[in-house]
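Written below as structure tokens is the structure these notes are about.
Labels run A, B, C, D, E and F following the written order; every chain starts at residue 1.
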Amino acid sequence: MFSITVRDHMMVAHSFQGEVFGPAQRLHGATFVVDATFRRNELDEDNIVVDIGLATNELRAVVAELNYRNLDDEKEFDGVNTSTEYLAKFIADRLVDRIHAGALGEGALGIAQVAVTLHESHIAWASFERTV
Amino acid sequence: MFSITVRDHMMVAHSFQGEVFGPAQRLHGATFVVDATFRRNELDEDNIVVDIGLATNELRAVVAELNYRNLDDEKEFDGVNTSTEYLAKFIADRLVDRIHAGALGEGALGIAQVAVTLHESHIAWASFERTV
Amino acid sequence: MFSITVRDHMMVAHSFQGEVFGPAQRLHGATFVVDATFRRNELDEDNIVVDIGLATNELRAVVAELNYRNLDDEKEFDGVNTSTEYLAKFIADRLVDRIHAGALGEGALGIAQVAVTLHESHIAWASFERTV
Amino acid sequence: MFSITVRDHMMVAHSFQGEVFGPAQRLHGATFVVDATFRRNELDEDNIVVDIGLATNELRAVVAELNYRNLDDEKEFDGVNTSTEYLAKFIADRLVDRIHAGALGEGALGIAQVAVTLHESHIAWASFERTV
Amino acid sequence: MFSITVRDHMMVAHSFQGEVFGPAQRLHGATFVVDATFRRNELDEDNIVVDIGLATNELRAVVAELNYRNLDDEKEFDGVNTSTEYLAKFIADRLVDRIHAGALGEGALGIAQVAVTLHESHIAWASFERTV
Amino acid sequence: MFSITVRDHMMVAHSFQGEVFGPAQRLHGATFVVDATFRRNELDEDNIVVDIGLATNELRAVVAELNYRNLDDEKEFDGVNTSTEYLAKFIADRLVDRIHAGALGEGALGIAQVAVTLHESHIAWASFERTV
């Protein structure tokens, strides 16, 4: 199995609902350093998993939808706890949509799995992985 | 598959038995930076894998049993080579016990796997992963 | 010159005033990984710059005043752009106050300089350093 | 499942064939920080996955074949795009050969999988994993 | 003293002249992760050292002159050993030129020092710092 | 001012004397990731601060004197608290001795300062710097 990973980041505000979250129920924020991994069994005809330039651009485009925002104000997340693990899935799902739409190139249609890791600090991170 | 990881560390002395270990047969020490990963297929009702606060506390409690100790003097490790990979399993097993005991919350009973990575330096680390 | 550094982090929301900030004028957030450095010319009688445990506790106490907050709602920062470099100075000044108050121990009165670095992402950070 | 990982690096020149590579079609270079992971289900009789010293030596030997070279001039890579993911496989395959040849010790014959990650920068890396 | 640092990277080929360089006399390559630091005594009227967006753009522009190139073929470096420390100075000097030309904004004219660090691997890096 | 830094590590056991150290009064251990920095105002005739290969070798030789040892058993440290900051000075002083002895090459006699940082974990490190 081959994979490539590209990294970007976003800076968002949000708050959580539920006693388990303690002080994180208050409006606060986070930098999420975002790692997007693309996996496949065989390389494409250019000998790559996917073009790193295209992967970087598409990750940036997905992250840009969330960057510099208060997620509590986004209709998409109404009534949703935008936990780190939830946001990892949100970004992974968007990347899979873009693969299917051809935005990562024709060769990228051979990608089998996508995994996204969001680092919320030097001591905590979350991931989500799925098939394409 | 979702996961969250939390990080802590411990500083221990120990020595190894066996020619393969060369100078590490002498009493020496290590800082182990410990990453504990919890994985599950679906998020709980709070939209998380497990509360990061609880996960951090329980990891700290497990690590505290070993921290600032000479492992050669601990009965638990009598006659055991406390290699990095062995200690990763030791910590993972303790975390699974705590999940079963409910220490990570009721929602955490849905955790499917635990993985523990111990970084012994900037150029070497070891992991153990198991089902819950 | 000797120094020791300890690390903690905080997760805050805020927004900036001024066209130069572009999309960061919107309410957003950041994880700041905070490194506090203490410097002196000679070690104290315990052969240390300052006790790492005390330094860690005091840094945590200073960071706790800001953690999980929307800085736009804090009176202390009314009309202030809470830039990364400004927050580095804010934390450094608080640490110096605590040194003078004896919170880092008597030996710590010999500390000559404090420097604070706030990492806002994997590609940007800011620092402030001052004499004690 | 247990694993250990050791890290080394290499500094090579190369160029790519194919419009998808843009400016990387020019002769350029890269530092690849190389992580080699060895996995197995049970530890050997010394309570380890493989001796870290031997693993480090063998990784260094494999990396030395490529280090400080222009890969475009190496017959082995004639007509091949030496992408990061391709080089990860190249190194993994060589390590598996060495395991089979006994170079990592008799106990290492129990290694089940090898994975190699090449970090080409702070924002991009690639991996290959295979069974032994 | 305040500072901000922004990070970018470049991937170049080059070779060195001189026996001291051993195998690095052969054509090889490197990824340089480039950290550019800007320092000043007082913040500007926006409460910053320099706009991070502008600093990032200007660093990228300077790095782009070298990126994906074989430095041995660049007239600018004819007969020059393009060591990591030399390249750190090259980039720092270019950034100072851009500060003087106003490319980092009017407020940036108050910057007192520039420092550039080039990481050539996980175990070696070089820096150059100068006044503006 | 130019500098280069090279990294190595060591794994030692030790204990501390003094109530301030709390549980670290027990015999425990640490991995110290060691960064040695060499600074000078002008590059030598090879356009470098010092040969990275020689610097790496000499750092390794100094570190080897301490590696895989219980510092409490070393006569050199009898009655001494081998704190992280103290060990940083110990290594820096040894490196300066080696510069003076010519072990880093004739060009290295132009080195003006040496700084050593010892990372004891992901959240604490200490440094010492001195003139040559």
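Assume contacts are C-beta pairs under 8 Å (C-beta built on N, C-alpha and C of every residue); 3 or more make two chains touch, one makes a residue touch a chain.
Everything numeric here is computed off the predicted structure, so don't read it as measured data.
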Steps needed, at minimum, to go from chain B to chain C via contacts: 2
Farthest chain (mean CA position) relative to chain C: D
Label of the chain whose CA centroid is most distant from the centroid of chain A: F
Between chain C and chain A, distance of the C-alpha-averaged centres to the nearest whole Å: 30
Chain E: positions in contact with at least two other chains: 7, 122-123
Touching residues (chain side chain F, partner chain B) in the complex: 7, 9, 11-14, 23-24, 26-33, 67-70, 73, 120-123
Complex interface listing, chain E residues touching chain C: 1-8, 43, 46-49, 51-54, 56, 105
Of all residues in chain C, those that touch chain E in their complex: 18, 20-22, 80-81, 83-86, 88-89, 122-130
